[in-house]
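Each remark here refers to the structure printed beneath this line.
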Amino acid sequence: MSDQEKKTGRERGEEWWSTEIIEMRPGMIRLRGYDIRDLIGRISFPATIWLMLRGELPSDEQAELLGIALGAAVDHGPQAPSIAIARMAATCGVGINSAMASAINVLGDVHGGAGEQALAFFGDIAAAMDGGRSLEEAVRARLEKFFAEEKGYVPGLGHRFHPIDPRAPRLLELVREFAARGVIDGRFAAIADAVEAEVARLKGKKIPLNIDGATAVIYGELGFPPPLTRGLFVLSRSVGILAHAWEQSQQPDRNKGPLPREWLWAYKGQPKRSLD
Amino acid sequence: MSDQEKKTGRERGEEWWSTEIIEMRPGMIRLRGYDIRDLIGRISFPATIWLMLRGELPSDEQAELLGIALGAAVDHGPQAPSIAIARMAATCGVGINSAMASAINVLGDVHGGAGEQALAFFGDIAAAMDGGRSLEEAVRARLEKFFAEEKGYVPGLGHRFHPIDPRAPRLLELVREFAARGVIDGRFAAIADAVEAEVARLKGKKIPLNIDGATAVIYGELGFPPPLTRGLFVLSRSVGILAHAWEQSQQPDRNKGPLPREWLWAYKGQPKRSLD
Amino acid sequence: MSDQEKKTGRERGEEWWSTEIIEMRPGMIRLRGYDIRDLIGRISFPATIWLMLRGELPSDEQAELLGIALGAAVDHGPQAPSIAIARMAATCGVGINSAMASAINVLGDVHGGAGEQALAFFGDIAAAMDGGRSLEEAVRARLEKFFAEEKGYVPGLGHRFHPIDPRAPRLLELVREFAARGVIDGRFAAIADAVEAEVARLKGKKIPLNIDGATAVIYGELGFPPPLTRGLFVLSRSVGILAHAWEQSQQPDRNKGPLPREWLWAYKGQPKRSLD
Amino acid sequence: MSDQEKKTGRERGEEWWSTEIIEMRPGMIRLRGYDIRDLIGRISFPATIWLMLRGELPSDEQAELLGIALGAAVDHGPQAPSIAIARMAATCGVGINSAMASAINVLGDVHGGAGEQALAFFGDIAAAMDGGRSLEEAVRARLEKFFAEEKGYVPGLGHRFHPIDPRAPRLLELVREFAARGVIDGRFAAIADAVEAEVARLKGKKIPLNIDGATAVIYGELGFPPPLTRGLFVLSRSVGILAHAWEQSQQPDRNKGPLPREWLWAYKGQPKRSLD
């Protein structure tokens, strides 16, 4: 078969959907080169996630740390728009998959993207250190740029609800343990600490690391690129989304709105008027 | 080229995605056989919707009546889960298309499916009449079956909020006008009236037609099959969903939850306990 | 009741969901101040869309032009990801609303956002003209900035498939007709023409206006802000999405994949390897 | 404060969103009664999933088996509509969360619901056994009902692509190991075996258990209700959906359609016609 025929035939169609992730033939499935029958029962669920996303198997300790980060962010309660959406959707007559989809869909730049922004921020500092700067210099320069150009909230710091987000110090404690055991090198933890300290110096008060910052430290230590941080957050928060959709679906509500049924909304628009 | 070769080549791929809706070549687009340049500016938006869904052009009056039904159901306020979802999503850092998608997604059996159920119900009665039964017999038999086997709310009747849904009588009035002009034959309006009357007789009180019942009458008169009724409702409600997503996006809220920011939810679960 | 009580009670909850779009009480629905019973049957579907988004009623001619733009972009065939997604989703056992949602969701910056970018681009030029520049100067300055800083495709020009997008010249012809009748002032059409001409001069070949550019001209003439352009595109393309989901749902396919069932994808990853 | 005031005030709003899953106050988060700081680093990710969905902690072995089932179904390649949708969405300019949402959304009755149906089917048999029937009688009666009334594919058996789904025998092997260790009682595995044997007897050929049947066995052994089976499948398949969305996003494609760019679709509709 000539190259030209190849390009206009079935092989061209099959190339259009090429992937390095999965190989399949009737009776055979391989993930990243490994027979699925070998993987099943021998690697943990977090290790499977790592293999799928990174292409290679993690060590047991790496997989354990990934699982810790995934477990920490599963839920933040029904005041989070994603959780509220899952619960409302579950009362509208759609499958649990669709209730989850409507919810996951809103984990965007504002609701789910903080971890991605935090890891990108920490990564800029790491890159400056690779270029020869000290930790302190790199942190100071990045924050200067932030306050001059980007403004707003420093990614990964502060929480509108928690004075101290209880998940963050516990996660950082574990990061230090894993660093002490040599699983990771602790560089991103040091960067996060230095950012927190420098912001405290500049602002005159401590704005502590939040869950997004803490998980960004872990994902950075483990070598994940920033955009995957948001994907991992989706995997994590999906658990809470499912739990709430499920709990809601066990109750008799139909078309659940945001406020109690007997309440309305305040109307602030045009008074009554007529067409003519 | 032999048939076998054909089936393994590009033509097989192109057949896999065959459609009767749109034909395209570089510089040429035809919808249902009509050149897009002929359609643009010469048929109304509701006529375009009809052509796309039905394959043929409607009369001007049919398109007008379709437009009336589409315009009637655009919004039911922020207590509707779809509208609330659109508004919350708009504060989470996703595009307006994604805010709309999360919202439209929940227009399922309970939230958006009532029109489909109503038209199927009315259609069963129409089919019994085609089989020789009188309107009264057909209505009585279908309701008997409903109360014996299906139970719950008669599709298209009653509203949890409106004693009389203000949209329904106005729509039925227009249906009768269009029937008087010979655009439609008025059969589904007669069926809906008879269902309403028989339910009033059985229950001892009037449970009036709602917006889903009224639009089902129109879609039935115009010859749409029941499942498209839900699709048309999505097109209609998308307008309100967009309006609310847009209004919300003009405001500074971030991660808008269902309750005021300073409120929490009531926790009803296990009291504090420890792992060991 | 004191202000403080007010803020912690039901009124605070109702304020949280305040809107200027819709007012409702049992038996009463008003859109933008107009009783829904007055609107039904008296304004067209595009006029309803305008009222919901803008807060005021359009003239009949403005509504007509809006309807023309909405009708022009309803479909671009099953090779468009949105349409393909709608068709695949329709075979997976979800409602037609969810098939539509998965599809609409992908009308993002790349797939649906070109109109928004085009109108923002044209709007920059209009703003420069308001500041005293001539059309030619404003166009040249904006394109210089574009080629120096932003690069890529000039928003609203060129099409990867159509040498000339057949919808664009027809839409521009209609824009000129409406401008001649005084419905619009024709300013955005003039800007689009000038951008097209200047790009042709710079590149040495004409890169004609596409559908996104042409509808951006109309939406700009009618006074819509750029982000609503994407929302209007969603309303428009939803029609084709629904038509394709519906056509697909009439066929027996289950779990329709992108390629014919008997084809696979090309695997380009790691060869077979073992865990140990 | 009287009960009536309570019902119209903030407490009523907070009750509207009540949950047994999560308790929160500033600086404090508890999941199912456990302080989040105690859970982090001490229970595995699958154990967290279990706790969130079931309300109680699993044993280590139960969590391990849950993780095995979750890891087994992560991917089935780009010919699965969910995976194809994720990849196409990733090229349309939406966030990775939205690409995942469009994909997860289609894991409906046909694409993701087979496990739910299989577990409901096996559960019917288990219930009949609880009522005093032998395994063989219960299986025979349920299959008789199936072939008489429901028809189609026996839930959990057979695969259109794999003669033997390689994941199923491996999972059943592990189920037997866990049963031998007393973690589970092995009842659903016995039911699945008996269903497979009886279908082979009736049809004259073996139609082997597939991945949906095998994971349904595990979820049933672990005590999950059938609808959660679909939710767990969503958590599992989300991993593959993320991996493919991510791989695709590393490539330069824009608006990726289902077929190679230079191919079209076959048009099977009306030939060219004119409006008049």
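Letters A, B, C and D mark the chains in the order given here, with residues in each chain numbered from 1 onward.
Heads up, the rule we're going with is that a contact is a pair of C-beta atoms (placed from the backbone, for glycine too) under 8 Å apart; a residue touches a chain by one contact, two chains touch by 3 or more.
Owing to the predicted nature of the structure, the values given are computational and were not obtained by experimental measurement.
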Any chain that touches subunit D and subunit A: B, C
Partner chains shared by subunit A and subunit B (touch criterion as defined above): C, D
Chain located farthest away, centre of subunit D as origin (C-alpha): C
For subunit B placed onto subunit D, the superposition rotation in degrees, Cα atoms, nearest 5: 180
Between subunit A and subunit C, centroid-to-centroid distance (C-alpha), Å: 29
Between subunit D and subunit C, distance of the C-alpha-averaged centres to the nearest whole Å: 35
Distance between the centres, which are taken as Cα means, of subunit C and subunit B, whole angstrom: 21
Multi-partner residues of subunit A (at least 2 other chains): 10, 12-13, 15-17, 19-22, 24, 35, 39, 43, 77-79, 84, 94-95, 97-98, 101-102, 105-109, 112-113, 258-260, 263-265
Overall pattern in which the protein chains touch one another (line/ring/star/complete/other): complete
Of all residues in subunit B, those that touch subunit D in their complex: 10-11, 13-25, 30, 32-35, 38-39, 42-43, 55, 57, 94-95, 97-98, 101-102, 105, 258-260, 263-275
Residue numbers on subunit D that touch subunit A, as the complex places them: 12-13, 15-17, 19-22, 24, 26-29, 31, 35-37, 39-41, 43-46, 48-49, 52-53, 67-68, 70-72, 74-79, 84, 87, 95-98, 100-102, 104-109, 112-113, 161-164, 166-167, 169-171, 174, 227-228, 230-231, 234-235, 238-240, 242-247, 249, 259-260, 263
Subunit B residues touching subunit A - in the complex, by the definition given at the top: 8-10, 12-13, 77-82, 84-85, 88-89, 91-94, 98-99, 101-103, 105-113, 160, 254-259, 261, 263-265
